[in-house]
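We call the chains A, B and C, going by the order they appear; numbering starts again at 1 in every chain.
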């Protein structure tokens, strides 16, 4: 790789010819126009193609132009820049489309009635109906899962950071990592095989909650561990040196110092399991009516509702699926935003 | 008093200097309870992992003992037949193909986006963008599934036709008929979109960890921005990128709902990736579960066990690479 | 209430590495003893063995005896937690608890060790903050976070926190090394006042500081890197700095090595 900055064939050393700042924009517009032209002539309807061709033309165009005016190295740099921009735009389009369609389709359905009624007695082809039973099911299942997973996860993280050494701690660390990667459907199958097939319990919100708890635990352990590690050792020593026993040092000094981050981690984990469909499908079974008891009988949940209404496939049920999808996203996003808000405001006081 | 310490009379040798083991520290009950609780939680986690493996294996063994076909190579899934016959060949094929497509599409784009956020985007844009990507990673997969089935599938029709017309000679893009794009190829694209935020997030964080001085060293040699990235950012971040990709791969392999909504229920192995049909482990479990006989459920559990083992291997590999990276970056930090 | 420290035959390890070997010394009550010596000679390790903080470090292990008046800190059945209530410590970098206000920081030791009435706490906090020469500066903002103070104020806050539990001995591990000269002076003045009530042991890299604040000075050294640190001599500060009995001490003090 040549690292010489001074290229001999260019006379003024520092003021080599450069493209004006507006050049990339011009190339972008030109390639977009050209791609639309080509596509119209060839009769390709797909807008996906238009975009892809425009992107390709943009990359080639900027390379050609830069190579002529600024030289090869600059051209490579320019290509990399354009590629990075193209990647960004490529990713933004589907993600924006996802957000837009969910919001616009969902907003037509979601209203007070939709949020406060169940599907009891609503036929597939009927309009109306709502997600109340699913929302209730989701909240209950997620709460139970959190009640199981958060303490175990938190204490495991405390063990790993404050007490753990040796083989056991290494094994726990390793399996927490492994557990993070368990597909949600496998967690569902596990609870199915042991709780329902072997112990003989029936489908219930609680069964689903157990699978969700398995998915949640490693996430809580990981994030809590990170937060506890951020607590400076000096604080632990300061507390120990005051003659405070270790467990009080942990509960009164270490955990309060990290509590903002820990809360954030737990809430993000909650947000993650809220959207899980597969274990709920296997274990909670789905229901059209309101069942407030998570320990007995089938329940519904928001993601499951989306899946089932989509599966029915009538116009009305698809509308309901969008409505529930929007409700679900809103629920998850609120959790996320609140969690991040806590992380920001609960950060250790620095005084100003 | 001005004696030096070394001259103080040495302690009489008989004075028992306690053996190490007698330094029995008094453990307070609070400490014992708390450390016991936390250790117990760690052990609970291990027990759960062991239980998952044990119960799945047990139920899978029940199913496999009834199976009259070769579980690994048989291409159909008929546990309700007499004799029951089912195999994972189609599922393995579909899972691998869709995940490979997803990785091929997602990894380069994710690296691009991560670079965009960490090195290219205007500073005011970078922070909100990173935040946005974070949020996107939290969108539930069922929403991706709904969007994929209702929006993405029809929009890919044109691209499918085009690929068929101009790249049909490659065999894999040859499309029979004009069915909707409910194919493994579409699933791959959707999975790619789904795992983009995760891979981007991790990769971006790795990029941000590159010591500033490494980059400055390159810049001071007169490197362009791209050369700087190639010289100092990418080499430092390579194993981070790999492990991020492995995380994404783990997600793609186990993804259930997005595949179940998009893929048409057509149990075939076909090298023509645009043809509707195919299957993945997770999708097959979700879509066959409700109608399954008791043996059928155990058969699905057996396929779930295979998926479990595959994701274990992928995650183990990712972890191994991350572990090596730690040593590497520790030495440099 | 200050107590005498009597160390005999003390050896400390990090796992298998022997950090200090066979140290014996006596520290008189109500005096300031300074530990000086080159980096890595084990003076901080030794300091930490005096309130059993050494064993907080993973692998930390101690052999030998440390008598506080007539109790062996390392005797069997001794609870390290109670030891640390008797022997307080101030660290190199100020480390107020970031989640707590100034008031809570000072009250932390008492509160965490038992329950106290609000009025009792008020008295102790005021007394300790006055004792640390910080009261006038913070009395109007006791409920603000401790981490909002300046470095020197934070360190005095940590001293107030340490003396609030009324220890018998106060250990200071390079308490001024993270501070500017003016804050350093404030702490040094404070040490002079505190020795009326406590036995003080201070580790310092700054020989002028040792000469200014201490009554007695101990010089630590190690034969080579990887070898355990040893106590070379301990004597009245004046004598150590004017006419030490060991050549190595003189070399170190006059700047010939270290």
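Following the convention adopted for this analysis, a contact is a pair of C-beta atoms (placed from the backbone, for glycine too) under 8 Å apart; a residue touches a chain by one contact, two chains touch by 3 or more.
The model shown is predicted, which means the values in this text are computed figures rather than measured ones.
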Chain-chain pair with the highest tally of contacting C-beta pairs: A-B
As a test of understanding: of all chains, whose mean C-alpha position lies farthest from that of subunit A? C
Whole-Å gap between the CA centroids of subunit A and subunit B: 13
Using mean CA coordinates as chain centres, what's the gap between subunit B and subunit C in Å? 50
How many angstrom between the C-alpha centroids of subunit C and subunit A? 49
Please set out, as single numbers or ranges, the residues of subunit A touching at least two other chains. 245-246, 248
Per-residue overlap in subunit B, given as positions that touch at least 2 other chains: 28
Multi-chain contacts in subunit C: which residues touch at least two other chains? 81
Looking at the complex, which residues from subunit B come into contact with subunit A? 28, 30-31, 33-35, 37-46, 48-49, 51-52, 55-56, 58-59, 108-113, 115-116, 119-121, 131, 134-136, 138-147, 149-152, 155-159, 161-162, 193, 196-197, 200, 221-227, 229, 231, 247, 250, 253-257, 260-261, 281-282, 285-286, 289, 294, 297-298, 300-301, 304, 307-308, 311-312, 314-316, 318-319
Could you pull out which subunit A residues touch subunit B in their complex? 1, 3-5, 44-49, 52, 73-74, 76-77, 79-81, 83-88, 90-91, 94-95, 97-98, 101-102, 151-156, 158-160, 162-164, 168-169, 171-172, 174-187, 189-190, 192-194, 197-198, 214, 217-218, 221, 245-248, 250-251, 268, 271-272, 274-278, 281-282, 303, 306-307, 310, 318, 321-322, 325, 328-329, 332-333, 336, 340
Subunit A - residues contacting subunit C, complex: 165, 232, 234-246, 248-249, 252-253, 256-257, 259, 348-352
Residues of subunit C touching subunit A in their complex? 51, 53, 56, 58, 81-86, 88-89, 91, 93, 95-99, 108-109, 112-113, 144-149, 158, 161-162, 165
